[in-house]
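As written, the chains take the letters A, B, C and D, and residue 1 is the first residue of each chain.
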């Protein structure tokens, strides 16, 4: 038995331990035991993933009680990368949970669900055939639904969110099931290794691709199937939302990679264009809504569908460029997709953990009521700041390197002679650039409004820094973001090997060289250069600071006014107002302003109340009608059963007759 | 990485730091002359800088370390920008590409620093300026990338140094429709990024119309000195880039003393010319209403996009 | 106005500013000696109207206008006292403006100077003893230099500023 | 035959670029007098295009094309703008606004739309230009690369017709559309025969004159030339 097999076994065993300790023990003991066991599961997964990346292979056959062929666990390199990603996120999230969970989220079921969720997420990329994939997928989906439901007793919104999530996630499951069925029918096998030969010609392959793409897109939170994200993430406990948003959605992208890159490599042009449109569309839509969101976790959720959009756009770009014979740029694009995925996992986990720390300390998710937290929660502020840098893809973070790789692929993917490429590439570039710009606004807002300036509500004033058990995971996440940014070379090389593309190799000080397009970037060298040029300035700064220390003034300058209250500051809503106004037609916010005049004269307002709501246009325009139609259908269906026993017997009687006729015929 | 380009980069930084106050001085002086005033002379910004360094900064109570760090970060980003953009010589660094996206990200790092600086003091104006500034730089981004994409198509690389070198060696590409459109679009975004008229009025005293000024209302003494120097550096570096794209002659192709000196002199000439032109244009212009700015930027985006299409047409 | 017309106007107008008068010999009184040397060559001015009749404001506008052009001596009006080196007070200090005046001076980084421009700011002028009046500028904040006159001539204001900038 | 990179090709490229940019600016600018000036510029660049193609062509086509270029210069760069300008000044004197305000599309959206339309034009007309370049009809081998510009102008003209509310600016849209058609004709068919061009141009002139008169009548009737303020036909 080789390390990979051991690793898989260890995960299952540890998961059982975690469930057992969750059920057996109680109180703080349960948190510690189950939490560390969950961390163990994730850690084992990460180690397994590493050994797979290092070249280890295995094919475990597990016979199940189900009337299906035995499920096969045979992770390939790509799967290994995903196992590593999921495992790393799982470790910090589990450790964080030890200190974070309280009340309902510390219950038996929650811990057990967490363990099973982690296990399921490990098995999905490990799966070597359709059966294993689907079983693991369903385990992941069910467990995550339980996690979302954690606080259903306290807030009724939780139930709504959970319903949406359950429906969407099982819709995606059904689609994936159907898609794989069509694929197996076309390929004549259920094991991925055999299916890899499936041609992309023929109706079967097309149907399979469309079904699988839609199914995985729903899991990856791409527009228009993203509606569960902004509902589920705010309501789920933060370690769960971190896991879902950093790890689980990545598996949606993994599914698309599996289909588009491993199983059906030579895709027709329109598949690629479909993916690019889907991805770029969700990127812009997601970041627009994130930009105007005031609920911190909702903002992060929308930014998730933005980042996954970028990933899918990169995948589509890679497929397009490969089909149109631009292999170098194609491999750069696929490396970019994986780098985006990894860096997104790192910074999104950090950000959600930070948001959870703020929520735990202040009970606030509303940015409009935060402010000045940097004074009371310096650690959280620092880690959240690093995460925001990553999300805004600024140097030197993983997001920066990933976006740089993507733009290199775009710029070197130019083929004036080829009509499709010539049109698609610049349009994509424009959309991605707009996304990057808006991401900047979004995360400057998120960090600046929440942590800087003065407290906007009393609840924030009393905030206390998170305990060490929560701080350490946050710091680890932040360090991960910075490490991905400083030494991206190894990661990029691993990513390239994971998809079998000779796309990238290490250059210089942990820098990345895109061999396909001959571009080099060494962030370490960039930092070095920055240090060199900044050195004189820094010396001068320190000299002056010693010579003339600053004096602290009493008031911020308010034009000599003495009555400058914190409510005069810009808040998240007003910060996003220009964006809101510019993209008014796309966002369609509903505002209302109520002015109550003084009794004496209508020229003097006693109070002006302004309220603004941004509903998800897709949800309002697409899903509400669907839901209404479904309700109507259900109403009609109810007429069939009126409770009279005779009618039910009649049904079964007719059914019996029908069966007999069928059998006879 | 090889030493020569690094040395040249450092020379570029020193040259840029030396020129930045003069560029601002020239614009102010030109404006004063066109308005019939005498003007304080081109050295005035340098005097202001010296005085600011000699003063004791005031920091509002309740501000975070961001207030102390952000000005230095902003300055560093501008210095790094001066090292990355081909000003005196077009020599790409081996490990750090003078790649457009890297340059823009470094620029944006500074933008974020000053935006957070504006938020930190917790006054109403700072937040206002920060919000407007970030919105504009978000809308600017597509134009920047698409226009340089158009410039990079004929060259086959997005490294600014290579683009400038290619234009120097094939002057015909400067007059080509693609080149012209792309540069015009780039000029618009440079004006937007550096907060000049018609997007922002650098000499306004009216808080409600401010964008850049509003963010530094809280800064004083050396903090203000860093912020000012950084934004002057930005202006002169980006103007220098435009100058090198339009008139790429004189940019050093090798690291020798002679070429670099010539490059520096050429840069001085281009900067002086562009500064005078900028001031003259500003005298003839009124500030655009804030919510007409997206219109202008959309226009610049269309120009950049047309540049891409045009570059396909002649290809 | 079209560009051509503007250009023609600029050419026709030419230079409005009057030739700079000879820099006044720095009187070696203690007031001048007390002026900080750090401000030589560059003085940013924040103007505070503490309750003026706007006579001084008009003269001040003239002093910074094209004709007298105080800016050529290195003096500039700025928006925030944080950027300022000199607080220029005009008018008698009224009750509502006393605190803002104090705050403004406190918000001006050291080294700084306070100029009281006009008789009202120096010694309450015509408003001495009026019900809403706290007093002269020197009663509220330490004043370093003062310019007499009701209203003071722009040339005097410019001369005072030149004493600070030393140009 | 002029080869790519030659002076003729450069000139054609510049003229095509000028045509495209003037069309975009026509969408961008709201000031009607500025629009008329831009129209003049467009006419000039169209004439330059025709002349260049003529000069770089074989002797037979040369004289005729130069004549056409002259005609274009006279009509589209001088006469039509003059008529429009006159009508505009009269309208302003009669109290019409000199700006296009009540446009249906907001400027930002219409500008982005222009970018997309150009892409569409490029997509659809690339085969045409390649085909023309391939079998090299007349001299239009190297010139054919600019065909998409003409198509784009046609589309932008339609956009103006659809999106603008003032009679005057709709007229301008119509003229942009016609310029686009002429551009395509020059680039693909090595220029249209003189007679045809003459006929087309005279039609255009007629249309413009009629519309100019009409818009004056409308102004007299309704008191403004905002077409969407008239919803029913008056007899």
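What we mean here is this: a contact is a pair of C-beta atoms (placed from the backbone, for glycine too) under 8 Å apart; a residue touches a chain by one contact, two chains touch by 3 or more.
Note that this is a predicted model, so its numbers are computed, not measured.
Colleague: Could you compare the number of C-beta pairs in contact for A-B with that for A-C and name the larger?
Modeller: Answer by contact count: A-B.
Colleague: Based on Cα centres, what is the most central chain?
Modeller: B
Colleague: Can you work out the whole-Å distance between the CA centroids of chain A and chain B?
Modeller: 35
Colleague: I'd like to verify one number: the distance from the centre of chain A to the centre of chain C, where each centre is the average of its C-alpha atoms, in whole angstrom.
Modeller: Their C-alpha centroids are separated by 59 Å.
Colleague: Indicate the whole-number Å distance between the mean C-alpha point of chain B and the mean C-alpha point of chain C.
Modeller: Using C-alpha averages as centres, the distance is 34 Å.
Colleague: If I count partner chains per residue in chain D, which residues reach a count of at least 2?
Modeller: As it turns out, chain D has residues touching two or more other chains at 108, 119, 122.
Colleague: Counting only residues that touch at least two other chains, what does the list for chain A look like?
Modeller: Each of 422, 551, 553-555, 557, 559, 582 in chain A touches at least two other chains.
Colleague: Could you list which residues of chain C touch at least two other chains?
Modeller: 80, 82, 107, 109-110
Colleague: Going by the touch rule stated at the top, which chains touch which?
Modeller: Between chains, contact exists in these pairs: A-B, A-C, A-D, B-C, B-D.
Colleague: What residues on chain B touch chain C, complex-wise?
Modeller: Going through chain B, the ones touching chain C are 32-41, 44, 47-48, 50-51, 54-58, 204-207, 210, 213, 216-221, 224, 283-284.
Colleague: Please give the residue numbers of chain C that touch chain A in the complex, ascending.
Modeller: My answer: residues 48, 80-82, 99-101, 103-104, 106-107, 109-110.
Colleague: For a test of understanding, state which residues of chain A touch chain C in their complex under the given definition.
Modeller: Residue positions touching the partner: 551, 553-555, 557, 559-562.
Colleague: Which of the residues in chain B end up touching chain A in this complex?
Modeller: 1, 6, 9-10, 13, 53, 55-66, 68, 72, 75-76, 79-80, 82-83, 93-97, 99, 101-102, 105-106, 108-109, 111-112, 115-116, 119-124, 126-128, 130-132, 134-135, 137-142, 144-146, 149, 152-153, 156-158, 207, 217-218, 221-223, 226, 290-291, 294, 301, 305, 308, 311-312, 315
Colleague: What residues on chain C touch chain B, complex-wise?
Modeller: Chain C reaches chain B through residues 3, 6, 10, 13-17, 20, 38-42, 44, 66, 69, 71-74, 76-80, 82-83, 85, 107-111.
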